[in-house]
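Both complexes below contain chain A, partnered by chain B and then by chain C.
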Partner chain A sequence: MGNDRIIGAIEIGTSKVVVLVGEVVGDRSLNIVGMGQSTSMGVRKGEIVNFGAASNATHAAIMAAEKSAGTTIEMVYLTQTGGHLDGFFSFGAANVSASDGLVLRADIESTVANAKRKQPPPGRVYIHHINNGFRLDGRAVDDPQTMKGERLEVGYWHVHGDERKVSDQIHVINGFGLQVQDIILSSIASGCMVADEEARKSGVLVIDIGCGTTDYALYFNGCVARTGVVRIGGDHLTNDLSIGLRISRKHAENLKLQFGKAVIDKSDKNDAIWLFGDLTIGDRKISKGAIYQIIHARVEEIFSIIKRELGDHLDPHKIPAGVILSGGCSGLRKIAEESTRVLGVTTRVGENPAWVLESVRQPEYSSVLGVLYYGLTAQRTAGSEQSERGIFRKMARMLNFA
Partner chain B sequence: MKKGETSQSADSRDWRVIRQSPAGKAVTDAARRRRRHFFLKLAGVSSLFVGLLGVGTYAFLFVFGESEIWSMKAPGEPLRSVNFSSNGVLDNVWFQETVELPLQVPLMGIDLFALKGQLEKFGQVKEASISRAFPDALNVEIDEREPLFRIRIRAQGGALSDLLVARDGTLFEGDRFSRKARAGMPYLGGVRVVQTEEDFLPLPEFDQIASLLLEARQRIPGVARGWQVFHLQDGSSAPAVYPNTLRVRGGYVFETVFKLDSLAVQFDRLIEIIHYLQKQGVPSVKKIDLSLTGGVAVQTGSSLPSLRLLN
Partner chain C sequence: MASEELDQPLITFTQDVGNESIRLKIIGLGGAGNNAVDRLKLDDLTRVNLAVVNTDSQVLSISPLEEQLLIGRATTRGLGAGGEAEIGRQAAEADRAQLAKLAGGADLIFLLAGLGGGTGSGATPVLAEVAAEAGAVVIAFVTLPFTFEGQRRHRQADESLSRLREICHAVIPLPNDVLLQQMDEDASVLDAFALADQWISRGVRGIWSMLFQTGLINVDFASLRKAFENRGGKTLFGVGSGKGEDCAGRALNDLLLCPLLHTPEFSRRADSLIVNIVGGTDLSMAKVNEIMGLVTEKFGSRYETVLGAVIDERMQNTVEICVLGTTEINPGQRLRQQQNRPQMPAHIAKNIESAPHPTPSPMGSPRLFPKSTRRRKLQREDSQGEFQFAGTDEQRGCFDATERNYYNGEDLDVPTYLRRGLKIRL
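Up next is the complex of A and B:
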């Protein structure tokens, strides 16, 4: 119980800012003790375009979260999304140095350093280096140390982003007097929640359809093999409806939420709905078929882009656990059906674990929950460092200091 | 570095190269409010901590500590010298014997007012001014009373002793006055000396007698030098309870009698008479009585009528 910590998970999304406050108890369990939420401002497609507005919205959400938790956040884990994110795969290899052919720690470090050697393009910074597994003389091994072989190889998936855009998000958090402990890709965070370990080991594609962007993460053998961000999200569906049906965004959003569906059924063609439903001026009938057609087109586009980006990696045999949808837009009716049709892989809408509070169990909270979960695992690895400061931290906690 | 792990590399450009702003920088009202709240809480907790620490320390000392007297130490170095000066006969030795300042007393530890009072208790000292001369000296300036007369009194044990009388009637023993200096002062008789526990009270209304002597020393120094006794008495031969007559004996005029009412007029007349007599070649005069109403009686030797009454 000596290493209790209060951590905060923050997602600065296009439609809303969500902050979860978690209490890491003894580096083993996590209690969600507070939550704050505010309407996002100054954020477009996951990127900050108005620093002041984004700061106000984020800080209001943090304040609300701290108030509901009755404590102050000690460290922050931040989700990262946006079209600026990109990734590439690299290999590193080294010959085993020992004469007896046993792999030493130095050999592993040398192989890993070799894989990470490549610098990101100018103006960009790495977000993650994700280890995709070692190969010793061509055979896959989890931990090659003290195994016998001649040549050690390792594959890494590197995620990088625009330095200024990443720095904007960090400085929004800094502006509240908090330091960012780590940044986690939104799709990876969602994957932690909606895909269990078995699914990740057997292979699964997690697609998080948010308001401004759609993030995906492809898992092979329990590792993140590919990630990506499509700059289209639920907000585009609303825009399309607004323009296509010539109605306001507000009404378009209502139509999407009430009647939205990702596929067009033959029976829907003749159905119509009233725009307002109160026969006031401007109220008119709108064909459901038109709504579905517009939504379907955009949803199909999203999945098509993902399919194109993943290319050969999107093989139903490689991802037997199928596709899992998460994010706010995954609540759209029959979206899994459309995904299955376009991607050619069985799709289901993901669910957050049962241990999660009911108020945050919806798929739209997957990524922020995932970040909080990531914070727990990060605390486990940093456990030894924390114990040194345990007494002071305990005192600070008693006095409710951050 | 295990499979599936995410990590950062020290060699590559990680997001951690982005410099995070200091924790104290607040950009929104919410952040400022939180920061203010934090500092208020910090100040409160710090005060509480300091208070508890103080109470704890006090309690510890109270229980385990030995009582210790804390005293203020006067600044400045110990007294090493006294710069003594006087307009009279008193000197540094007299000062040391009289005052007895302890050695190595801190300069700032000397009570100047007490010392001044101690010095001025001596009748011979009219006024004493004392000041510190940093770092280690004391300046003492004495204004002494000038004695004009001497007076012989009988102490309680019956022994006779001489006191000196200053112009203002103050009586004092007259330390450091030589025998010769004392011999030059006329005796004063016929006055009542009142002694208190420590001292003698000054003689009342003594100024006119002192002025007479001082003026005589200026205007008829030859005559005044010979004056040996000033005796006060009333008209009868009984001891002077309320004296109204002054008899001055000695010198050119053996006895001069003044009435105390108008000494200045009588003195002027005396000077005229003496000049006249000296001009006449009278070698000595037995008596000049200036106390008579309407004239002066002069009693001379054989060459002149023995008693003349001058108007």
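Up next is the complex of A and C:
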């Protein structure tokens, strides 16, 4: 095998488990060599509620992926979502110690340590520390080393999650005899797929609306400045329809996919459609207006919660690249229009890069693709710089894709 | 001839008795209340006295009503309460004696007010107290401010509403937000306020016809008083009307869609319930029976249901249904809490604590929402005869077995349209 390494990117989602297998060949090229997928069981709102069922579904997907790749996975990178995730921002600062005013590596380290000094609350574990850039005497610098100044500052966005829930997912993978190399927030993973470097540099908000949760990541200056999870996803749309129209979940899901639309147009208020369309017993007419009303209320709520959570950070001037939607639910008709209306920022539905296999190019695969990309990139650069810099440094560097 | 002579005095005699026995008075407080009373279309409602109370002499002067009372002349010099509930309250306290005179002698008093402002929020509880002390049955119809009117007004409205619930026999809140939702997008604010007045008017008329019109089955004042003898609970109130063929079915449908029954804090089970049906001479007993069956099935009370059916000759081919009930009287609440405490798993309690920004919502309602769901669970345990599977999953569907999903005091797993009280046109 030599230098080639086979890694797996796994997303244990609410609707399905996706496993992508990628390999790093030599120095440069990244290939997706296999894929496995299974209907998810025992996962609700992005969190495992039935360990046995979730394990079975995940293991089935891993086996399918290994079969399609014709090889075994050596290490796993995992996505992470769920309402238990939380984050906070902190600043670290230190005075430049050298008498000539040049920043030393030790100054950088103590500044970073200062920013990370806060312990996570009991029962919580840090998932990411994301570097938001250094400032030397107030001006932003990419790499302060050997620059001249007096006071070095750094901003960090810390993401932490419930220890139990994070370890649940890891245990599922360990149960298959695989080690989890790293876990990556779904929103950040999606972000590095649907938003290109230019967008991330200028400022962009990526919203990944999945089946169980909605994850968002806000980029300023190429850094992840804020992340968050709203515990609403496509499942809620289906559930709302099923309750509101008094139909089964299966039919609600069909209606959502076939007719779902995020805004209510005046013209289609009186349209009606048949529930089954085959004139069998129980078939009845359902007004499209009712479907739109129910979906609209929910979609509007998702965006208004994000708006509320981001507060002042959601400023059209700060994110000129606008809002990019991804995830399974971004396929909902006119959802970008609704997002633009509620958030007040121009929104488009994101696309995965063209180098991605066509079978996984739909927006619902953004996050798992992002994790694979992350994992492959991490492996590619392994050995050269990462080993000496430590895991946090590596993570921060990778996540910013600086 | 002889019989006619006999009949004639008999009829006037009953009318006289009616006049004597129930004196109904409708009092509007504050700007919104004054407007509501002025706009009540009561041409055909007899035996009703109207009055307006305000701290603002200017508003009073444009009211066409004769019976007016300016309160708090000493505190506000007749210039209004300036949106301060405390000033409204002081004004009312200062003129308690006059309020007592205004309320005196009435058996049933409707208070109409818009909560959130100064006079409406401040003076209404005082007047309600005075009226209840004088022995009247007090029913308050109060509008709650739009969300865009701001936190402060919501807080005032909320405080006032909870005070009114302690004092009044029945309080029917009409959240402006909910009423607005059934309007077209291009409706103006004036339209919205007019709509609120219209709902008040429908409500007043519903109770009026229950008491004053006669028909197949009468609801009398005593049963109204009895139904509301326990105070402090919440009031269930809804009206629905239907016209033409299958008017009964349409009325029923309309009732189920009544926005007042879709406010989030509403619990669909009443402790005691009054149902009144108004219809034309074509209203058959069978139809009444059918409606009653469906209504009681939907809102079935635990203790008592009073049925009324009224014939109004002008209402041919039309049916109007009005339901009025009480829910969540205090002793029940206490019982509920006791029984629920051990049932609440620790992770739910933890979840509530760890919910992001658990600031109490200005309306106070979302917090009540999960409670009422729990209450329904409990009630199903109480009464064995009911279906076991038609309850809580009505609200949470497939998320029923999962942790509650609190955000800002609201359970996000409950459909948004339900929490917003959105009327879905099926």
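Annotations
Throughout what follows, the second predicted complex is superposed on the first by the 378 of 402 C-alpha atoms of A that agree within 3 Å, B and C clash if a C-alpha of one lies under 4 Å from a C-alpha of the other, contacts with A are read in each partner's own complex, and residues count from 1 in each chain.
The rule is short, and it goes like this: a residue touches a chain if its C-beta (ideal position, glycine included) is under 8 Å from a C-beta of that chain, and two chains touch if they have at least 3 such contacts.
In this text the structure is predicted, and so the values were computed from the model without any measurement.
Once the complexes are laid over each other on chain A, chain B and chain C both fit without any clash. In the superposition on chain A, A:E74 contacts neither chain B nor chain C.
Taking chain A as the reference chain, the count of touched residues is higher for B when chain B and chain C are set side by side. Once the two complexes are laid over each other on the shared chain, residue contacts for A:R298 go to chain C alone; chain B is not touched. Looking at the shared chain after the overlay, A:A290 reaches chain C, while chain B stays out of its contact range. In the superposition on chain A, contact of A:E253 is made with neither chain B nor chain C. Of the two partner chains placed by the overlay, only chain C lies in contact with A:D235; chain B stays clear of it.
Shared-chain residue A:E364: touches no atom of chain B or chain C. Of the two partner chains, chain C is the only one touched by A:G244; chain B is not. Nowhere in the superposition do the C-alpha atoms of chain B and chain C come closer than 19 Å. Contact residues on chain A toward chain B in their complex (touch as defined above): 52, 55-56, 59-60, 62-63, 66, 72, 108-109, 112-113, 116-120, 124-134, 142-143, 161, 163, 166-167, 170-171, 174-180, 183, 188, 221-224, 399-402.
Chain contact summary for the complex, chain C toward chain A: residues 354, 356, 394-399, 401-402, 405, 407, 412-413, 415-418, 420, 422, 424-426. Chain B meets chain A in the complex at residues 1-9, 11-15, 17-18, 20-28, 30-31, 33-35, 38, 41-42, 45. Looking at the complex, you find that chain A touches chain C at residues 44-45, 49, 83-84, 86, 230-232, 235-236, 238-240, 242-245, 249, 286-287, 289-290, 293-294, 297-298, 300-301, 305, 309.
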